[in-house]
Amino acid sequence: EAVGLGVAAAMKAGDWCFPSYRQLSTHLYWNVPLERAMAGLMGNAPEHVREHLPVAPEDAPEVTFIPYAVFLGTNVPNAVGSALADKLNGRRQVTFAFVGEGTTSEGDFHDGLNFAGVLETPCVVIVQNNQWCISVPSARQTAAATYAQKAIAYGLPSERVDGNDLFAVYDAAKRAADRARSGKGATLIEAVTYRVLDHNTSDSSAVYRTEDEAAYWQTLDPLERFERYLTSKGVLKEQDREAIWKRAETELRERIDRGRGVPPTPPQTMFLSHLHGDPGWSVRHQQAELDAELAGANPFVDFTGEGLQ
Amino acid sequence: MNKASESVDTMQEMNLVGAVNHALRFELARDPRVRLMGYDIGPIGGVFRATEGLYDDFGPERVIDTPLSENGLIGAAVGMAIRGERPVVEMQFLGFLYNAWGQFIYTLSNLHQKTGGLLDVPVTIRTTFGGGIKPLPFHSESTEAYLMHSPGIRVVCPSTPAEAKGLLLASIRSDDPVVFMEHTRMYRAFREPVPLGDYTLPLDRCRLVQEGDDITVIAWGQMVHHAVTAAGATDASVEIIDLRSLAPLDVEPLLDSVKKTGRCVIVHEARRTAGPGAEISALINEYALEWLKAPVKRVTGFDIHFPDNQTEDAYLPGPVRIGAALDAVLGYQF
Amino acid sequence: EAVGLGVAAAMKAGDWCFPSYRQLSTHLYWNVPLERAMAGLMGNAPEHVREHLPVAPEDAPEVTFIPYAVFLGTNVPNAVGSALADKLNGRRQVTFAFVGEGTTSEGDFHDGLNFAGVLETPCVVIVQNNQWCISVPSARQTAAATYAQKAIAYGLPSERVDGNDLFAVYDAAKRAADRARSGKGATLIEAVTYRVLDHNTSDSSAVYRTEDEAAYWQTLDPLERFERYLTSKGVLKEQDREAIWKRAETELRERIDRGRGVPPTPPQTMFLSHLHGDPGWSVRHQQAELDAELAGANPFVDFTGEGLQ
Amino acid sequence: MNKASESVDTMQEMNLVGAVNHALRFELARDPRVRLMGYDIGPIGGVFRATEGLYDDFGPERVIDTPLSENGLIGAAVGMAIRGERPVVEMQFLGFLYNAWGQFIYTLSNLHQKTGGLLDVPVTIRTTFGGGIKPLPFHSESTEAYLMHSPGIRVVCPSTPAEAKGLLLASIRSDDPVVFMEHTRMYRAFREPVPLGDYTLPLDRCRLVQEGDDITVIAWGQMVHHAVTAAGATDASVEIIDLRSLAPLDVEPLLDSVKKTGRCVIVHEARRTAGPGAEISALINEYALEWLKAPVKRVTGFDIHFPDNQTEDAYLPGPVRIGAALDAVLGYQF
């Protein structure tokens, strides 16, 4: 994914990132432990994952990634608030937020960019325009010719770049990050790319789009383009290429296995991270019910509120 | 309802999602004012395929794919409804409705009262809810309590394919806004004969699932089936009521049943505190206290956001937990 | 108010209007019975007002006005839906929606205009930019130089007009309405004006803005400008002027008095317009409680659910 | 709390809005991370003048006027909070929070759980609620039940100026998101001595307003005062509890009181069905049934959107309606 990688290269230690679910490359670039993501994908609770996959302080990513926004668009106002905190404290840090082109239709996108414009917050919002919102084509998402032009509604500068051109993405992201860092406020970047695969396992894109379309975009595969470039420049030799791929694959498999290796999350973990301090009578009571149930006792025999004896 | 009886005879086996699809097709064909609205409901037929084939057969003016905004979706549907259309909105997941809470409360549930009855808002919001398929966070919500506390709307929840057909037809034809809750875990859980004709069910009536004398269990959606399983495992005589209409509540049959059995367990996936069961328990205690032989117990999810997949099974009520509640309440003596 | 009046003149019988609370002139132009509005302002229920201030069918306004959106912005998606209904049924009607410039910051504005662009709905959205959102100045509302340019984000055409120039407003509204009627879709109009008075009785604009500002805008009073024009053209003679004002004032006073004359709304009216048919056991029960209370009986003596005997 | 005791001595008469203003000033001066956010909170000091003078004294970086978007407001505050700030948001009216329900549920109430406790979201949302001043629709909402059913947040409601000071300081200092409910009708209703020092109250404890043996009344906000009036008009010995914390519920003192009196009336302005009283009634019946001498009654608003000004008085519970409930429940015999 050239978009995530190009932007990642424009980030600096201390920056914050509010991703969507399409920036695996960004996470990898900043050494976000893949094994943890893997364990999370397997349905483990984050407390449990951290306990079983500790990360030494010195290995902690220097860019902070918050969990991707399952509820699309909510990360944009959050990112703007994060940037506002940096600005008000005179920190020269930048906050990055990623959304898909479909997510620009959500009110959160509007709220976030408008606040960013008025409050002049040091942030960069990247619209990863892969032309599809599950089965809904971009033309059905907005009548605007580009997503970059949506910045005009908020008095913000914007750029539109080839999302499959690593360098183009990096240049735009670098310019935007520099603007933010130098106190000149927010920028919107539209990175034009394509979702070659199905959206997810329940999707079947063959129903709503042609194979030629996907095939055409295959030819623009950013990875191949980058490889060709490196090879032509002599930076990448054939034998190295092999080696690199091998290394990547083995490390990937390793990390995935480590994530898979995490034991199942104990049920009571679900009660860990809510209110600070006393969670309150009802939650304490429900916790006791679950404990009883798991211990094979009857959780419903308290009729006096004095607890399960 | 007469119409129904005519044609009830011709049946076809369907699962829940099939019955929904069939009901939508039936209404699209019957009433030109009916229009489906939502994202991903067109060519792909919805992420759960509930609208499969309808775009091809009725075209883009009857099955309308919209931009990705839940609030815009409800807002536009309300605007169409007050102009005489019968929009049927697909809210992909109940958890996404939070983004549309503004339009939901300010206009959908309120314009009729606000205009003193001048404007009708006959929008049907089809939405999925409930746990079991272990998808992403906020894709397993059972926050019907938010809906039950909101006036001016109806909320119905079918627990079988045939009920889905009868209730969905009635929802679309209702002049009130209706939220129609479809349990994701039950979409393909089982099949049953569904009337192919013009079959409607009343929107505001609960359903007696099985009669009993010792204790009353009140549930809806997926939980009805767990209740039946749990009841089968006790030798007590358990009366099970499928609430079916969450708003307005069909209170009388609930009170009558508890006055008969003297004991009651309420089951729902929703969080307990200020959840649906609280209202039912409060009503029973307010109007049937003299008949109670034991406190009313609530078998529910816990007071947290729906948890991670690996702890979900311990979060959701199932036959075992329901059985324990039955034992506890049946065993209680003053 | 030139904005409301200019747009009103561009409407046709059969059109629909989703106003904010600043289009009294629009309502008057289309003979929306002022006495009813007055009775409503006095806190009467609409059912009660209709009963006591009947309007003969032949006097019914030919443009339908829905109650203004107390919750700002919600009228925009509603208006777009209304327009979509017209479009899908091949009706050559137009839906108009009014919002203040502050309301453009709400997600509803974004949702509505984006839907309008994609679905090409026959509607006109007017941003009445009076420079203030209660105490918040326009510069704090958006970093965009104009509100008209927000249309670019949705691929919609827009115009920016002098909101104190009745003819300019009418021309723009007419062009937009014609576009919509001829199937060319939605238009955004920014009408630049000024809120000369306080927002409401609890407001005190002296705290946050200068008198000169208000004074300057006073000189642009659209009413005076229109009068001066009519007089210069000889359409309006001095003596007529007097007469017209008198007639207007007397009719105004008359209607206000008729509104004031409506007797208080009976409490039980609050239960009238909710669900169609049976409102359900609980509401029926609560109705009985209120009846009992008003009859001096105790509303809480039903302990069996069999009702209040 | 020690700090408090030190300085409790120095008092000053204030009304509710004055105490809120004083408390905000106190925290702004004490903690540079505290920043007020909202629309109309700057130069004009809020539509109710709760932030009057603060913009002038602390400047635009501490008292931040934002564009008109409730959802953007909460979303930005959450972003600031997870970066170490202590945003105090003014939600002009509780009824406007519906526009922000997405950010409220998806991030404000959820990010702490979602990150397994890694991120804190110490946002305080000050909002007005309640009827009595007869403004526009949706400006008199009492929909705290929506909040009570939402995990991951605290909800507190002061019923006096001094309580407002103590609870607001504690809310701002809490590491949890807190909704702080200010009753519009009570802003200028009465004055009382308010500690000028560093005075905090626990966020999760109810308050015994007056002791009694015959019946327990549970209320909050404006309703506490109506309950006191109603209690004064009966010769029964009425125990009155100010719930104060709506989430989490301080259940134990409620159960103990009802176990003592055997009778209970719950009072709130909110709609009845699936309202706050339902949960309290359900808990009492679940855990104190044996002690009950009569059914628990709920004195509440009705199941409709807050009505027009002219019928509002008949909608809202007052001393008369509360008195009737006391008589009915006190007079009940099995």
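Should a chain be cited, it is by its letter among A, B, C and D, assigned in written order, with residues numbered from 1 in that chain.
Heads up, the rule we're going with is that a residue touches a chain if its C-beta (ideal position, glycine included) is under 8 Å from a C-beta of that chain, and two chains touch if they have at least 3 such contacts.
Computed from a predicted structure; not experimentally measured.
Here B-C and A-B were compared by C-beta pairs in contact; the pair with more is B-C. Put simply, the chain farthest from subunit C by mean CA position is A.
One finds 36 Å separating the Cα centroids of subunit B and subunit C.
Centre-to-centre spacing of subunit B and subunit D amounts to 32 Å, using the average Cα coordinate of each chain. The distance from the centre of subunit A to the centre of subunit C, each centre being the mean of the chain's C-alpha atoms, comes to 42 Å.
The residues of subunit D that reach two or more other chains are 66-67, 69, 71-72, 98-99, 102, 106, 113-114, 137-138, 151-152, 247, 249, 273, 286-287, 289-290, 294-295, 297, 303-304, listed in rising order. Residues of subunit C in contact with two or more other chains: 45, 70-71, 105-108, 110-111, 114, 118, 140-142, 274, 282-283, 303.
The residues of subunit D lying in touch with subunit A in their complex are 35, 61, 64, 66-67, 69, 71-72, 74-85, 87, 102-103, 106-107, 111-120, 151-152, 154, 174-176, 204, 247-252, 255, 283, 286-290.
Contact residues of subunit D toward subunit C in the complex are 39-40, 42-45, 47-48, 65-69, 71-72, 95-96, 98-99, 134, 136-139, 272-273, 294-295, 297, 299, 302-304, 307-315, 320-321, 324-325, 327-329, 331-332. Looking at the complex, you find that subunit A touches subunit B at residues 42-45, 70-72, 102-103, 105-108, 133-136, 140-142, 202-204, 207-208, 264-267, 269-271, 274, 282-283, 286-287, 290, 293-294, 298-301, 303. Considering their complex, residues 98-99, 101-102, 104-106, 109-110, 113-114, 137-138, 143, 145-146, 148-149, 151-152, 247, 249, 271, 273-279, 281-282, 284-287, 289-290, 292, 294-298, 303-305, 334 of subunit D touch subunit B. Per the touch definition, subunit C reaches subunit B in the complex via residues 16, 45-50, 66-67, 69-71, 74, 76-86, 88, 95, 107-108, 110-112, 114-115, 118-119, 272-276, 278-283, 302-305.
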